[in-house]
């Protein structure tokens, strides 16, 4: 369930159906996951989010797997259970091995730890790290 | 400045100096950044954090650059200015190009956006995404 | 369930019951939701939180619905499932339409995205935005 | 300063300049703030973010001022100093009075407090608040 | 500086001055820090926040120092630089030694790390940890 | 369930079993909770995290109970349900009474509230609170 319920394909408007079709074609799957069915209540947000997602997640200077792992890293930091579950599956489909997953988690854990040590010790940015000195 | 001040090499205990030496040798640099000088007030934390960092950030199934970019992604989500500045520099040293940085930011932004759409629409995890169904 | 269990009306002390009565009278309902029954184990916190809530959420320069939507926005950013569920219902009772909910979510998503782009690009505050220049 | 520096109008590509022109025309101002000049290094992100922003922040079922205040609420929860400063100014331009700002802050503070009381007391969602019961 | 500026004692209304007086008397100091002077623009919030703070931070089952350290722990997790600086000073005044501060930071770092390992590995709550089994 | 499943004692490698044995011996219990069984898929992380945990959580200038309550405070701020449940149980085992728990929650709530008031009012750090003036 979701706040406004989920819009299934057979009850979707042509506008929403077009996005669902594009999602399935792009991902080469025959189903659409709950996230899209939930936000389909707002066709403008559905369309905008899907198009942004396609553009942002497409392989470029970073390959598709690296991008998925970054997505997982952010979702883990934010404690978004749905996003962790879905993007971990996506990352696996794009080639994330168990070993890669474990290293990903170790880095995410470590970064969250040192982010707070830095804050707590009130560490100032070194001159060498300031953008104007790069 | 930092809460307890920064411990410079020449005033450091042999124990702290050994970690500083190892940091510089590992990174092939002749300086140590403020983070380590700040936590050096707690030699146990200094040593443990540095050893964990070396282990976690060493290239494995994920290369060193990918790990640095994940570090940046987490630090950006957490709004840790020091960590963003320092790990962005580290990532650049390990080969992050401008284009890679831009794509990294786009993914981090996108993930933070959809993490909240998921929460707000109260989307439940699809059966297909549950660990037991993997 | 909750850490210390829930205190039902018929087992509540007169002190707690007085707060429950006030909650129901203020909200014109005949039940009290779990949040209050959970923190009722700490009557001082129950009383203080309820009185603060009444004061803060009362219509003023901002109407009650706007305040509820702000509450939802914060809860979504913080990934508090309970608060999202309960305050979304409250907002609906105060007049939030489906369309308003969708726009609320779109803004919350967008803000979370740009909050991170700003951090990642290390953008400095424009002189024009500094409080002393307002 | 920003990670990659700021791209000023006179050094911008036609593509970037078109977005800057649109920002100034839409906002009826003669300057562009640092955020856009920083992300202009990534013209695709600049264009996508600006177009999303225009669409999302346009008055609809929620007026422009309410949307700005929601933006501020999220930015405050996330501790994004730049976003707080810039969107507080935007909200004022759209009519936020001192009194509205103060009430906004009070709600944001309160929501952040109760979000944690709920988590700490491990409060379960009431049946009445579950989406399927709405 | 602050959004609305700071209200100094000599320009404060009697209502605000009464709170300032109470802050100084309670803390046995002759000055009021910026936080209170900033929120003094909203006398209701000033009064409510100060009274809540006095009630919540007063020694009880937890002593005043432990409460201050918990305050610092939360502020560090949330990256609130002002709160870290001010409550670290308060904790020191209440007896926090360097060694206590270092241990506090180590725990905060560790908790932030494992919070994410738990999320990323999607660990379910053990039956033994559920409130109903306590 | 967890992403990679849980590794039970009887199927664990000698390396993992050694850590499990040490966990049970240190805690004087005859079971290992899900967190460790989940990360046991990565023996290096299991070992490192457990050793760090033992070192960090051992009584020192702060007693074991205070450390557990700080752990709970951080986990509550981060909305980590698993960590809240498990460390609340640990804290109780180390002597946290109901009254201490309630006061802990009150402080955590309050700190989360004022962290945002500070951010929203854009309060600058008082000279008296800066590390160099301590």
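Which chain is which? They are A, B, C, D, E and F, in the order written, and residues in each are numbered from 1.
To be clear about the criterion, a contact is a pair of C-beta atoms (placed from the backbone, for glycine too) under 8 Å apart; a residue touches a chain by one contact, two chains touch by 3 or more.
All values reported here derive from a predicted model rather than from experimental measurement.
K.L.:
What are the chains that chain D and chain F both touch?
P.N.:
Intersection of chain D and chain F contact lists gives A, B, C, E.
K.L.:
Note the rotational component of the Cα superposition from chain C to chain F, reported as an angle of 0 to 180 degrees in steps of 5.
P.N.:
120
K.L.:
Among all chains, whose Cα centre is located farthest from the one for chain C?
P.N.:
Computed centres place B farthest from chain C.
K.L.:
When the contact pairs of D-F are compared by residue number, which of B-C, B-E or A-C has over half in common?
P.N.:
Overlap exceeds half of the contact pairs only for B-C.
K.L.:
Report which interface contains more C-beta contacts, comparing B-C against C-D.
P.N.:
Answer by contact count: C-D.
K.L.:
Just how far, in Å, is the C-alpha centre of chain E from the one of chain D?
P.N.:
Centres of chain D and chain E (C-alpha means) sit 27 Å apart.
K.L.:
Provide the C-alpha centroid distance between chain A and chain E, rounded to the nearest whole angstrom.
P.N.:
The computed centroid separation for chain A versus chain E comes out at 33 Å.
K.L.:
Just give me the whole-number Å value for how far the CA centre of chain C lies from that of chain E.
P.N.:
Here the centre of chain E sits 20 Å away from the centre of chain C.
K.L.:
Touching two or more other chains, which residues of chain E qualify?
P.N.:
As it turns out, chain E has residues touching two or more other chains at 1-4, 39, 44-45, 49, 52, 77-81, 85, 88, 102, 104-106, 108-110, 112-115, 117, 119-122, 130-131, 134.
K.L.:
If we count contacts the way the header does, which residues on chain A are in touch with chain E in the complex?
P.N.:
72, 76-77, 79, 81, 84-85, 88, 104-105, 108-110, 112-117, 119-122
K.L.:
For the complex, give me every residue of chain E touching chain F.
P.N.:
Against chain F, the touching part of chain E is residues 1-4, 31, 33-35, 38-39, 45, 49, 52-53, 56-57, 60-62, 66-67, 69-71, 73-75, 77-78, 80-83, 85-89, 92, 97, 99-100, 102-104, 106-115, 117-126, 128-131, 134.
K.L.:
Okay, in this complex, where on chain F does chain C touch?
P.N.:
79, 88, 98, 101-102, 105-106, 109, 122
K.L.:
Under the definition above, what is the set of chain C residues touching chain E in their complex?
P.N.:
Against chain E, chain C makes touches at 1-5, 44, 48, 52, 55, 130-132, 134.
K.L.:
State the interface residues of chain B toward chain E in the complex, per the touch definition above.
P.N.:
3-4, 39, 41-42, 44-45, 49, 78-80, 131
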